[in-house]
């Protein structure tokens, strides 16, 4: 079903950009796991809008209210539901172009699919705002994974034509603008502001790495780690591509160069390179799982665009008012981490079914 | 479940490279659809091995036997099951390195996952051979889609560093080596043979386009067309990346350039460009649906590689005998088409639930 | 997943008896369906507690707050989420026997499953209170079905040894104590009060009938109407049996008596009897769909019972304080209707996939 | 999807009564489990037709051919597919009444659902013959459960009005006519033959018990053991009712009598009675899981019945030729066991996800 994800846990996301509330239900988290709410809030704040010059001015506390699933911040086995009230909604911004679809947005496809009954305020259920509940679920899974020694980190890999350099490590996560090369980060921010000054927007890429993974997560064919991660990551609006390990670069290599040869280090199997991104046959091999996604430039721009009236099929010019991010890449970083965390935690639970747990049964 | 795919139809693929047979079950195809078996066989022959210099010498007729689901080549509503017998199996080729995992293959991850009980002959369930049943399912769906005016075509977009040019149209599908620029195609084939002569292999990219799609297929969030197509496409071994429309190139554009502006042509909504690849908010917009995948170079190469013995964790050198493709890209082209056909037909059936079919009920 | 149901729609229920709120998310309802909130509230009030002598004194307005999915009471295609705040919670009632499982309740099995981390206040996620969100979903589906001429009605078929007589029709639904024979209904109520006066409880059976169904709903094997309805109905606590049509009585008949012979009435296929309960091969045949469920007596009783301490495995006597229904059958009637409505509406949407809707596509 | 079942394993059943073959695919069985093929065949032979006076004369060896999933009778982690060839098919028997639906069969509903394209030979996909693949899957799961100390046994509880007495134990399983009271069994067989002599048929009930289950299997709400078992059991044709523990009898008891009070025996939690059938809140409590199903009399009878022509809607009389069981209850016994085995093994794997398996990971 469209707004649900997962095989061993089940995430359901609900809400529209301007409905009374948005939220999520997360089923299948084992009982007895304590969640640090402060850590969760800190994670959510990485996605929150209104913090700086390049993100939308809409201010939402994004404070989740947990309706069920916890006893004293410890999971009790029942589904976890959290909601976030939509307080700072300004529906008026959207009324003027209700039936004039914004290019690059889902307005027109929502109109076709829902026959004009869709909620077009702020993108309705298609809004980037729906990544907030994704981050609640991901923030919970990140804590559970951390407990098993698994870390998920990510960074801005590029903004427009500007690339970050170096290799991703955990220090990046603490930064407001998560790049390794802060000088390059500075340039990226300037590039975003330049686009903003022209009423335009820019895209970029995000790199995400999970370390500490055991070998053996994921399944062959349609439930491989690539399949699982793609399925959730494309749920983040504006993502148009994903590659694992060397990805598209692998397509240009020879096999002798692309193959990751094995060696043994302290009794552990490792590979000399990691072009596979830690995934072979859909299954983790114990090396860091690594992927990159392409984020398109924010479709809401302040320049005039060609569109049409859905009710008359007459062409028209469209000027979009309202508050928008000239670049959503920085705010999408924790969303990608969250998506990866949910997918990986789901695979981790799935792996337990295979491991012989007989002795654990109380008869 | 790992070897199953689909929401409105359900495809299940079974078999190992050297098991008595491989096959597929396809549930949920409406009754009364006649399938042309000749067209299906022609489609399957595009994937079949042993046809030319660059593909494996293993000869398999790949003739499917339908066990059920059809009455006189017309679907009867029951699940369709087809099998292909594995006749030309040479298990001996694999015995020498049973416990020495081949770099770039799933040998090691299968060993971890299945604890040494996995079938390692020819890659077992991870073998590219399992794309034959995928092509049976896809070939059936392609015929059903054609009936609704939907065509799925594809081509080799690049081999190693060599790019095809031009725009994809239906004529490409008839070619043995499906590129638009045949001169460039010639170079690509030479490049493959050069790699083969060195015991090496090469990768490439494949482009796939679906035309004639109605607007409104797919769902928001985790069931968008990108999510659905990715989930099945990564089920094809060796695919390491996917991008829709402009994909990774969109990440370098500004919004004003990337946005596809609307116009009306003969009462139909169209866009001036198609950077979205025909998908907005996960839902088709009526423009051609377009995506590209990255195929890594075949991991089976004839040069010596570093590996280890799974039973002793001792490092060792590995030389792989047997028959392998120096480049699987040409044979992967129909597999990508097949995967797209299954995903799109599934979405098409899902769309019917939303359209008001009340009058159709017999009470 | 445990708290989710459905193939073409997806119902997710969340909450615990004493968590801040309980609620449900319902995905997949087509856009453009208007829901009468007054009718929905009237339906929910049939389940609400505190109305009479035999139901728990706990008073809950059971007023759902819709968080999303509607624009002016019309579905917009996005998931529908509704919550009910838990206001009249008295956790203290349960503290005295937190680790002493109540016989007939899920206390002990929840303890084993969740390792002591479960929410044992009022049964937590296992509470009958969770049928309120089920009734929200069912109330919505009932309205959608009504629009297609499908009515779902039900009655108390028996309380303890006392049986209702006559055939079910729509007038029963309007009654506070839904039986056909009001004289018998009076006896049943006296029987309940007699049990209450002794600190005991009684069970009963409920009959549910859906009329106006088209033939052709449901699928063979594991997705037949019997399978689908059972799967959701056993989600209502205290239900321990279900039978369709003649059910267990059919097991005593001969084939010549049990078979429903066909006749044609005004061009419509009908059967002389309806021992099949309107279902053949899992699929509706156009006759009324009919089933009965067995409801066990409320396990919470005021008499002393043998139990044990989960932390010490020492046996002990248990006396349960708190407010409980001496008979939940009357309040379970709308829950069974709700469950049937969800299952039947799901099957109705599934049927649309098969009907040829080609002409409906906008290209 | 209709012909698939399971959450942690996935069973897919395919085939029609007279298609070239029938079969099943079973995904998700952990690797390294060895299956005794002799034991499996012995189990299948309990369902096989043609053995005695009251079952159909159609002779099928019912010998499964395994196409994949095993290496030397040990699971390798890949999906297991087995097929049974349909050899003794006599399509002619059915041709005379192709468009005259047999009362009590799925002929008419299949016609509506599949629009006349259905396979009506021998009931097509609705045939009782499709329980043979169910028994393959169930026979495998029974062996896996046995390994964990879990036994599934069953018996004929009644034939028509004749009831078996006593309590079910393992010795019954070895009998050709599985009842406890052989004298009563003799009467039952005479009753079946009496019905046969009149061209009629009889129904009955089957009781199934699983012993040795750990507490904690199953989930609340829609994935309880009652829900899971019902969902698969109603996949067996002719079953019209199911009850767990005291079932419908519980509806006549008071709470003080129905509640199963606890005691401790050798440090193990037990209950004085087992009216719950070993399931509380959908979850096993460690007592034997017990249920009964109602099997309707075989609808194929030799007496004339009223029907109609589907193509003309004209009423007609129908006389059914062919070979049929006057009572399918004896052959349904292993099918019910098989269904229970699949459901319980699925729940057992699901339980492993919750048990802390951290130490089992190889990093």
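Letters are used for the chains, namely A, B, C and D, taken in the order the chains are written, and counting of residues starts over at 1 for each.
Note that a residue touches a chain if its C-beta (ideal position, glycine included) is under 8 Å from a C-beta of that chain, and two chains touch if they have at least 3 such contacts.
Model, not experiment: these values are computed from the prediction.
Student: Among all chains, whose Cα centre is located farthest from the one for chain B?
Tutor: Greatest centre separation from chain B goes to chain C.
Student: Counting C-beta pairs in contact, does A-D beat A-B or the other way around?
Tutor: More C-beta contacts join the chains of A-B.
Student: For chain A and chain D, let me know how many angstrom lie between their CA-based centres, rounded off.
Tutor: 44
Student: Between chain B and chain D, what distance separates the C-alpha centroids? Give it in angstrom.
Tutor: A distance of 37 Å separates the two centres.
Student: Using the average of all C-alpha atoms in each chain as its centre, how far is it in Å between chain A and chain B?
Tutor: 26
Student: Show the residues in chain A shared as contacts by 2 or more other chains, in ascending order.
Tutor: As it turns out, chain A has residues touching two or more other chains at 1-4, 13, 28, 31, 78, 110, 112-113, 125, 215-216, 220, 286, 354, 362.
Student: Write out the stretch or stretches of chain D touching chain C in their complex.
Tutor: For this pair, the touching residues of chain D are 1-5, 7, 13, 101, 103-106, 108-110, 112-113, 125-126, 130, 158, 160-161, 195, 200-205, 215-216, 219-224, 226-227, 230-232, 234-235, 237, 239-248, 250-256, 258-264, 267, 269, 271-272, 275-277, 279-286, 294-301, 303, 305-308, 313-315, 354.
Student: Quick check on the complex: what are the chain C residues that touch chain B?
Tutor: Per the touch definition, chain C meets chain B at residues 8, 28, 30-31, 78, 148-149, 212, 214-216, 220, 268, 286, 349-358, 360-363.
Student: Taking the touch rule as given, give the residues of chain B at its contact with chain D in the complex, in rising order.
Tutor: 1-4, 6, 9-10, 12-16, 19-23, 25, 27-28, 31-32, 65-69, 71, 74-81, 83, 110, 112-119, 124-125, 362
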